[in-house]
Every structure is written in structure tokens, then in C-alpha cells.
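Quick heads-up: structures coming right below.
Two complexes, one shared chain (chain A), two partners (chain B, chain C).
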Partner chain A sequence: MTYLLRASPLHAARASVAAAYCASLVTAAFLSPHPLVLGVLALLILCAGLMCGVGSRVARSLWFSLPMGVAIVLVNALVAREGLTVLVRLGDGGPLGQLDITLESLAFGAKEALVLIVIVAVAALASAVIDPDEVLRSLRRVSFRSALTATIATRMMPLLALDARRIGDAQRCRPRPAGRLAVMRAITANALDRSLDVAATLEVRGYGSARRPARAVRARSRHDLAFAVSAVAIVVLAAAWPAPFAYYPTIAGSFDASAFAHAGALGLAALAPFAQRRGISR
Partner chain B sequence: MIGASVAVVATLALAGCGLGAGTKPERVSLLVTQGFGAQTVLDKAAPKVVGADTVMRMLERNAKVGTRYSGGFVESIGGLSGGGGSDWFYYVNGVQAGKGAADTKLHSGDHVWWDRHDWAATQTIPAVVGSFPEPFTDGYGGKRLPLVIECTQTAAKSCRGVEDEFTGLKLVASLGCLLCSQYNESLPVLVGPYATLTAAPAALKLEGPVSSSGVYARFEDGGRKLALLDQRGRVVRTAGAGAGLVAATRYRGQPPTWFVTGTNAAGVAAAVQAFNTQTLDGHFAVAVIGDAAIPLPDSEP
Partner chain C sequence: MNALELDSVTYSYPAAREPALSDLTLEIAEGEFVVLAGGSAAGKSTLLGVASGLVPHFHGGRFDGSAEVCGMDLRSHGPAALASDVGTLFQDPETQVVMGTVRAELAFPLENRGHAAVAVARGVEEVALALGIESLLERTTVDLSGGELQRVALGAALAGRPRLLVLDEPTSQLDPVAGDELLALLRRLNEEWGTTILLAEHRLERCLAAADRVIALDRGAVACDAGPSGFLEWAHRHEPGLETPGAALIAGLGLRPAPAGVKQARATLRAAGLLPDAEAPHERPGADRPARRSWRSRRAQGSAAAEPTLQVRRVWHELAGGRSILAGVSIAVAAGERVVLLGRNGAGKSTLLRHIGGLMEPTRGRVECSGRVALLLQNPGDYFVHDRVGDELDAAALRDAGLEAIAERHPRDCSGGERQRLALAIVTAGDPPAAVLCLDEPTRGMDRLAKKALADQLVERSELGAAVVVATHDPEFAAAFATRAVLLADGRIVADASPSELLSGGWYFATETARILGGHDGILTAAEALESLAAGADVLESRT
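This part shows the complex of A and B:
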């Protein structure tokens, strides 16, 4: 999962605003128990991904999170003791107690799975549209050392992967290729050497005496404003106008006009900023 | 192959497995009280029961219930929440279950009693008398057990009085001397002055603390005195000759043992007078001093 620079309104917004937008979608998922709203949120994130040019990545994450969602539904059905509509009686499960699978526990598990799917999709969207360097630059004024450590850490995994590929290629050129363990040992030794180099470089460059950097002034763009307003609207809509839906002890909620209006309003708030495409570098 | 399939299906059916809600138990009743039965919150002689419900599901169908730990623990009933030294406890046919309400299946004839009370003195009250004539009518855990009246003097009037009460309830009781029962699994009712019952291991619990017997009273001075305790396990008053007690407890996981006893023969006679549905209904145990039946734990100084 790496940042992909694309010509889209969300990419054009500053990293902090894009992060707030993504966080607002997750917040809405936590605040909304209604399955319709959660389903719409998942679709919205996919749409947002498509409009940012990273739709395939978001779709892949949705596909990826499906097995986890199924596992959540199954585990909740076996573990939860709530719900009044018994579908299957599995008898006494020893330490697990009376195993009765109820319609409500299945529905609640499905809701939790939807929340997970939304979170994973938002994470995929965020990793593709938020420039990590910009995030770190904004954080260095708060804590320089933490920002530097995070910068080095975030670069470590791709670097190690690159090393592994390079050393693996070299190993395969030999008449008798070495095993995975030998490659791993070489990478680890290389990483340790490199960490010593990094430490020495930081020392030479006066890392310890670094001061708080000056604020980087950057004018607010129309995209910053649009996505900031969108993020606030999503949270306000989810918190102040929730679509009620109860799972226990019996399922109580409806797919009425109010629920559809709520989902529609969320969709409008989330996708409206993408209509503004002026000023996007192509 | 077909034989193996049939065997698997039969095994699952015997283990209580199946599709849908299952068979509905009959003659189930629900009582919700607080303060050791002092205040009734809900009393339903025919509560709503659907299929093979558990105690928890039956409660949720008939009252507004708040739960914790994925529905395994009752936090509140009818807006009355636990906490602060008080919590909800439940008894099925007068016996405290060894597992959670969500894991306890309902059986026909079950009288489910939820009570919110102070557990400062003890968290374990193994048996109570307030569901009388249960567990003698329908047993507990879906299993009926033979009723045995064990008296120190089988010809005594008190012993016959207890037998008459069961006869009035159309229950057949086996009458015998103390510890003479041939049944390994039975519901014993021990009748006689406390000093004469101490050969029974369960009786010795009535001399110990509340945490041991679950009864908010204890015999002192070799059974000649009966101390009545409050809900925190403190002695409120002590009665001498003529004091009676109707209580139940359990010894090492055996079926509950009931006591119709007293400090002397007059006390036993007083306890026999209190041994009826009207007097015992909704009480954890009942002491009798003079003509007054006192629900335990005692609240009067």
C-alpha cells in the first residue's frame, strides 16, 4: 500500500484535510448502526476511490476484507448470548455454553463486518490518496524526533522489500540458489549496517541540536475547503441525525424513507467535493 | 453411509440440536423481586416463552433487560441496575444455578426467580424456600427427584404435619428416620429440633456463617438459640426456646436439603405451621418467633 499521485480533487487537498475526510467516513461507520447506511458508506468509499483513480485498490481491499467479515459473522453467532429468534440449536457446547444461533446475532455480526469493511476500505483509500511525506512534514513541528523516526520507519518496509528482491535475484543467478533463510540473513545484516549508517549520518548532521522548524505557509485551496466542509457534514449528519436500528434483543429498525434520506444525505456530503475539478494538476 | 448419517442426526438430536426454536416448555412462571424478595418488580404466572428458551431469553421476552459480556450477564431488569454491592441473581425452582442464565435451559414447570440483592455477606445462596412447592413438584434442571422426609422422631406431630402439607399438594413423600434414606439422589426435608439433626452434614452448615449456608440465620449454643442476620450478615436478634426455621441449603453439590427445624420441639412446631405456600412464597428463608413469621434476612432490630 503506497501513495499514488493522481489528478483528483482529494489528491489536490492538503494531507491533513484528506486525512480528516477519511476519518469522518470511519466516524460515520462507528456512529451508524443502520445496515443501509453502512452499505452506502462502503459504496461511497468505492466511488471516492474511483474518482481519485485508485478504485481498483479500494475494490481489492473490499474483496480482501470479505473473508474477515464472514469470520466476524460466524464468531459473533457462536459467542453472542443475545437475540430471541433462534435459528439453529447446537446444544451444549461445553465451555462455550448453550450454543443457540440467533437471527439477531447473525445480523449484528453482519453489521460489525460491514464496519470492518468500511474501515479497511477507508484505510486503502487513505494510503493511496494521502501523501505520507506531507503528513510527516506537518507533524515535525509538533514532534521533530517522532516525525523523523516515523519517516525512517515508513521507508523501512519498502526498502527491505526492495533489498529482498535484489538479493533474491542475485541469489537465483548462482548455480545453486540459496534458501529463504540465507536471503533473510543477508537482508537483516544489511538492515543493521544501514541503521548504523543512518545513526552516524544523523549524528554528523546535528540531529540532536535540531530546532522546531518554521511553519510552512500554504494557501488554502478550494479543495481543502470543500473536503473540510464535507468531513464536518458527514460527522454532523451521522451524529445528529442517526438512522436508528437495534439488533438486540430483537431486530428493530426499518428501511423507510428516513433511512434512505439519511443515506442519501451522507452520499451527497461525501461525494459533492469531487464535483469541483478546477485547479487539479493533470 | 446412510447408517452413519442417521447416527449423526440422532446424536445431534439427542444432544439438543436442531433447527428452529424447539419445543416450548409448559407451566413456566417468572418472578422478579429486589431486596431478598421484599419488593416485587414483576410477577408473571404465564410469561411469554418461545420454543426451547433459556432463562435469559425468557427474561428478555418479558422484561426490559440490560446485559453485559455479549448478553451473558444481567446488568439491569426493568431499569433497576446492579452495581454498588447489589446484583441480580436467579434461582430456578429455588435452586441457584451453577451457570449463567444464557446457558440455563428452561424446563416444564420451572419457576424462575430473579432477585436483586446485596451480596456483601455472600454471593452464593445455594437454595431458597420461596418457590415452594418447587423443587418438590418438578425437580430442578429438568430432573424430578424423590421426596424424602427425614425426621428424628417419625411419629412426632411435626413430622406428620410436614407430610400432610405434601399430601395436600398431591406429592408422595417417603417418611423415614434421619439419614435412613436409601436414595442417593433425593430431595430431603429434615424435620426436628436442630440439636438432633446435626448428624446430617448439611445441617452443620446452619451453625456456620452465611457464606457457608446461604441462610441468613444460624444456630448457636448447640442449637438452643437462633440468631437472625441482616443482609450484611450481622446479628439482628437472637431467639431462644420456641424459635423455628424453615430454610434450605446444599452440601457439596448434592440436591438441596430443606430444614423444618427449631431450637426445641415448640420451635419445630412453629416451623411446621410456617411450612406452607402462603408463608414461604417469595422468601429466601423464614424464621418463626412466637406467632410471627420473619422473612430472612431480618431487617428489624
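This part shows the complex of A and C:
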């Protein structure tokens, strides 16, 4: 989950705007109960990822979140009591009481799963398009040490992953492979060594006497403006023009023209900024 | 004002029985280019730690005596305070880069000092232009190669134009081209910016020509403090392990002064009438002719005629959506052959070894081996999983590797040479013995004696029937053990010849002796040159 620098409109926007855009997509997922809208949001995030050149990262996150989604559907079906349309009666479930699988609990579980999928996909998109250095530079003006700790954690993650892979490779070269516990200990010891090395680097770069950094002045680009407008539009659409959908006690909602129009408007608001391709390379 | 001033400094790391620095007194004036020499554990890195303030403020331990760095008392100024005047570059570039993009990395030290946004922006641009890394500014640091990372780390050390630049084996992970570029850059910084350079390096033949002064340390004390020629004459008498090949050649011929570089060695030879004229040997007509004589090439041809132990057949390694790391590489290695793989960083050497070792699957082609492959990757520490050397191997293997004496030691406390020997013993332990032995950059951080011991060990294993394949950037080490040399570029084998053909006559992939002698007769080492002279042939004049 590292930043991937690409030539795309969203990468060209400043980090705070890109973060706001991603946050607006999550907000829309929380505000919209309609499964059509949630499905469209997941699709929009995938499209945004593709247009940012990080489509495979987003697609992979969608794929990995599917099992979690299925688990949510199953658990909700087993524990929810509100639905009236019983599909299967499983009888007495001991401490869980009477286990009835209802259509409503399955549908609500699917909706919750969709929200989760959207959140995971947005996280994947955000990690790939938001420049962490820029975010942390902004945060350092507020809390320097916390921001720097976050910076180091960001840097250490890929480094330690690389080290773990390297140590794993070395262990595969041993004629008699060492036990898992011993390898884990070696990886942990290596992580501590790495941390010391990075800490030493921080010291010699003057971190110990660091002062609050100066505010960086940067002109607003067309992409800053476009994605800021898009983020506001997404939140307003989701909050002010919700597509109604109720799950309990019985499902009440429809896939009518209004729901499609709402989903379409969201799609337009979310993808329109990508049409502007000028000045996207850094 | 002196850049560094130590007065009777004695320093011990926490829990160490012996001091790392012992009653050390020295002064380094501003604008000097000083090379620190010495074997493993001589105290070079500790002295650099003092110069950067990490010793004792970061490492702890006991510090006696007084030290001033750029006029600041070390007792009251830690590394952060010194950072405004001292830039530091360590060996491993991966741990020296802490930010996500190159621009942020270069800006980081300037921001820490509270510079205004304009000064930060200007400083970043200037240092990027000075180091020629302006094209990298918007790149993410995780995407950079080792050489690029090292340049960026140097940029971060130089941002704000420090008065003293402290470098701990900065070229150990670089190919000869990138290493020479880095040293040329240091010389330029020293000459044009007046930056004081304090550089610890094992491959002295690379950097002595640029140095004003060499300080040799031994067990934490100054053993020699002289100009490059004076140091080399001292090394010839007292510490042959520190003598450069060029100096060994000149001293072996009974000539003086000891040469700090190729140019001076040639001048000395010419003055003695051993080089025919002022023309550089490689510029003379016929200098490109293949070597006429080489014991190495004869041995290589003899071995190659045997049934190959290792067959790499048209192996490709193509990244999904990316470039080909290996592009149809074919190579056969016979039992007893010792092959060195040379090439720039990213040429495909490590990937080829990983394919041979079975850590990677070719996307096309195949690797065939008539026995077990033992692969020693770049970092020997990755093989150690126990707290005692004795637990890493059984008693017999430990005895065979000559490591019984350090059986109780923690592997991390061993010297570079001992760690390499232990890791090699781990991968080669067990039955049946490895038919193919592959080593990836085994000499990083090793002093000359440890390299010689490793070369001897490889020769011994090949004589027992193993096919040996080693990837290295160190031409001197290659010359010491190889019977065959393979040059890779962009995933392809571009040359496959005897070491005397490949390692002589070039600029980068050549030993110092070969560069001095212009590559004639395929002579690679001082010992070979002297042996040839002793055999009655006038080595130098016979080439005209």
C-alpha cells in the first residue's frame, strides 16, 4: 500500500484535495442505503483507479474485500432478527436463539458488505494517489513529531516487507530450512536493526533539532479546483438527494428512474474531473 | 578552523570490552580530502560516528577526551546540532532515505533547520543540479535503483552545503561506473565548494588518487597519517593488506614513489624505462589485440570442454507489463570452473543467480543442473536465525569452515569476513555437496585480507569439483579467483571470455594493474606482472 506516482489528473491535484475527493466517496457510501448507488460507487472507484493508472491496485483490493463481504452477509443473516420474510428456518441455535434466515437480513448484509468494499477500494485508491510527503508536510505544521513518526512508519512498511522477502529467500537457500519461529525472530531482529539505521539517518539529517516547517506556497491548479468541486458535489448529492431504500422489517425500495438518475449524477460528479488531461505530469 | 579536532579520544561502545577508539588525537583542516583506511574493526566507522555526532550521543557508551567538529564541542552538540555543518552518508542507501519522493528527501534536512520555503526550494534545486539528479526529483524513492538511492542520499547529506562530509564506504553497493562517478563528484565538491571530505573505504585503489591525506587506523589508534604515497610506502612495510595493486607492482619492481593512482604509476614506470614512451599503452596501435598469453584462459578452455554441471538455456525473465530483466541468457558452466559475472547495477546478474538457485522461475527457457545449487545472496546476515554461531551449523561443519573459535559469538558480532564464511558454510553444509556454488556480491564491506581468504576458499571448492559462479563489482576480487568472466548488460550476455581478456584494457571493468599496463598480455595483478618479469620476459617492452 504505497504511493504510486502516475501522470493523472488526481495525482496532479494537491494531496488535501485528493484526500477530500476520496473522503467524499466514502461519505457517499455511508449516506446512500440504495444498493444500486453503492454498486455504482464501487464501480466508480474502480474507474477512477483505472484513470489514475492504479486500476490493478484498486481491482486487487476489491477482490480481496469480497471474502470479507461474504462473511458480513453470512454473519448478519445469522444474527439479525428484524426481517419478516423467512427464507430458511434453521431451528434452535443454542445461545443464538432461533435461527431464521430472512431475505431482509441477507439484503442488509449485502448492503453493509458493499459499504465495506467501497471503503477498502477508496483506501487502496487513496494510498496510491495521495502523496504522503505532502500530507505529512501539512501535518508537521500542526504536530511535527507525530507526523514524522507517521512518515517513518510509511517508509518502514515497504522496507520491512522487502527485508522479510529477502530473509525468506535466504532461508529457502539453506539446505535445512530453519523453523518458522526462528525465522520470525530473525525478521523481528532485522526490523529493529533497520529502525536503528533509520533513526541514525534521522539524527544526522537534523531531525532532533527540527523546527516547524515553513508553509509551502503552491498555486491552485485546474485539477485542485475540479476535484474540490467534485468532492463537494458528491457529498451534496448523497446528502440532499438520497435514493431511499429500507431493509427492515421488509424491503422497501425500488430500482426506478430516480435511483438510476441519482447514481448517474454521482458518476458524472465523480468522473468529470478526469476529463481534464492538461498538466497532469509531474 | 579545523573541520575535526580530536584530543586523546578513547571511546567504548556499551558493553564492549575493548575500546573502539584508543587515545586518538588528530586534526583535519577545512578543505582537506581525507581517506580513512584500515582493516575490519579498525575504528573507521566509529571515527566517522564521532565526526557526525552519533558517537557518543546516539550509540551511548563511554567517551573520554575532547572532540570538536566544525568548531562545536561534541559534548554539548549532538548529531542534530552538528547536522547544519556535517553531512553524513552511510553504506546502505536503503536506510538513508526516509521520505516518499526525491524532492521531499532533499527538502527534509533543510526544513528541519527551519529554512524558509524559498530557501528550501532553492536548496533542493541546487543540490539536484549539482549531483545531476534533477530528473529524479518527482520520482518516488521506492522506485529508485541502488545507485540512484545513493546519489539521493548524498544529495540529502549535501543539502545546505555542509562544511564537512562524512562517508562510510559509499561505493560498496555501486557498480564501478557509479562508484567512479561518485568519487569524481566528491573530488569536485572538495575542489569547487571547499567541502572537507572524510571518507572510509576498503577499495583504496579507487579513491587514493583523489585524496590529500590518508589516515590508517589500527585497533582504534592512528597507525599512519601521511599523503597517499607516504601511506602506501608505510602499507608496503607494515600492512600489506592495505597496499593497492598499483603500489604493490611499483614496490615489487623496486621503484619509488608508491603511486596513488594509475597516472602516477605509469609515470614512474616510464621514468624507469619500463614503458616505452609517454603515449598511454592502450592508445598504441595493436593495443586492442586479444591477449596473447594467459594462464587463466588456458585453464578456462580446458574446463569448458568438460560436461557442463550447470546449463542455463535461453532464460528470459520478463516482468508483467514491464521490461525483460533477462533476455535469452544462455551459459554453460563445467565442474571446477570459476565464473565471474560483471555488469552495471541492474544488468541482471542477481536475477540470473536467483534463477540458477531456484528462487525464480524463468518466464521462458530453463535452468538445468546436475546437482545441488548453493546460493549465497548479498546479505549474509539474512541466513542467521540463532543467537550463537555454534547453533547455525553442526560441529563438523563448523570445524570444516574454521569457525570453531567463534562458536559462542553472536553472528551479528562477527566481522564481515566471518559472517560471509559462516553464511557460505550454512548454504554449502550437508550431503551431497553442492555441485554449483553461486555468490552474489560477496565482498561488500570486506577488507582486502578477507577478500583474499574468500577467493582462496572459492578456488579450493572449485578444485573439489564445484562449479563456482560469482556476481561482483570488484574487478580485483574477480581477478583473484575467476577462470572465466561474463559481462552482462540489459539482461544479455555481451561478453564471455577469459578474465585476462575481459578485465584488461577497459576503463571500468578492469583491475588497477591492467589499467596501468594498458591491458597488454592479459596481466591483471601485480603478482602476475612480477612473475612474468621474473620469468625473463620484459613485460612492458614486449608489448610494443
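In this text, the second predicted complex is superposed on the first by the 239 of 282 C-alpha atoms of A that agree within 3 Å, B and C clash if a C-alpha of one lies under 4 Å from a C-alpha of the other, contacts with A are read in each partner's own complex, and residues count from 1 in each chain.
We adopt the following convention: a residue touches a chain if its C-beta (ideal position, glycine included) is under 8 Å from a C-beta of that chain, and two chains touch if they have at least 3 such contacts.
Fair warning: this is a prediction, and the values are worked out from it, not measured in the lab.
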Query raised in the report: Just chain B (first), just chain C (second), both, or neither: which does A:Ser209 touch?
Result: second
Query raised in the report: After superposition on the shared chain, which partner residues are touched by A:Pro249: those of chain B (first), chain C (second), both, or neither?
Result: first
Query - chain B versus chain C as contact partner of A:Asp100, first or second or both or neither - result: first
**Report entry** First, second, both or neither for A:Ala200, with chain B first and chain C second
**Finding:** second
Report summary line: Winner on chain A touched-residue count between chain B and chain C: chain C
**Report entry** Partner chain in contact with A:Pro158 - chain B first, chain C second, else both or neither
**Finding:** second
Requested in this report: For A:Asp169, decide between first (touching chain B), second (touching chain C), both and neither.
Outcome: second
Requested in this report: Check whether A:Pro132 is in contact with chain B, with chain C, with both or with neither, and answer first, second, both or neither.
Outcome: second
Query raised in the report: Looking at the overlay, what does A:Leu87 touch: chain B (first), chain C (second), both, or neither?
Result: first
Query raised in the report: Along chain C, where are the residues that touch chain A in the complex?
Result: 52-54, 57-58, 78-84, 86-88, 90, 92, 94-101, 103-104, 108-109, 111-117, 120, 138-143, 156-157, 354, 357, 359, 372, 374-377, 379, 381-386, 412, 426-427, 429-430
Requested in this report: Would you tell me which residues of chain A are touching chain C in their complex?
Outcome: 2-5, 131-134, 137, 140, 151-152, 154-155, 158-159, 162, 166-167, 169-176, 178, 182-183, 185-186, 189-190, 194, 197-217, 282
Query raised in the report: Taking the complex as given, what residues does chain B use to touch chain A?
Result: 12, 15-22, 50-52, 54, 56-57, 60-61, 65, 67, 70-72, 99-100, 102-105
**Report entry** chain A residues touching chain B - in the complex, by the definition given at the top
**Finding:** 79-92, 97-98, 100, 248-249
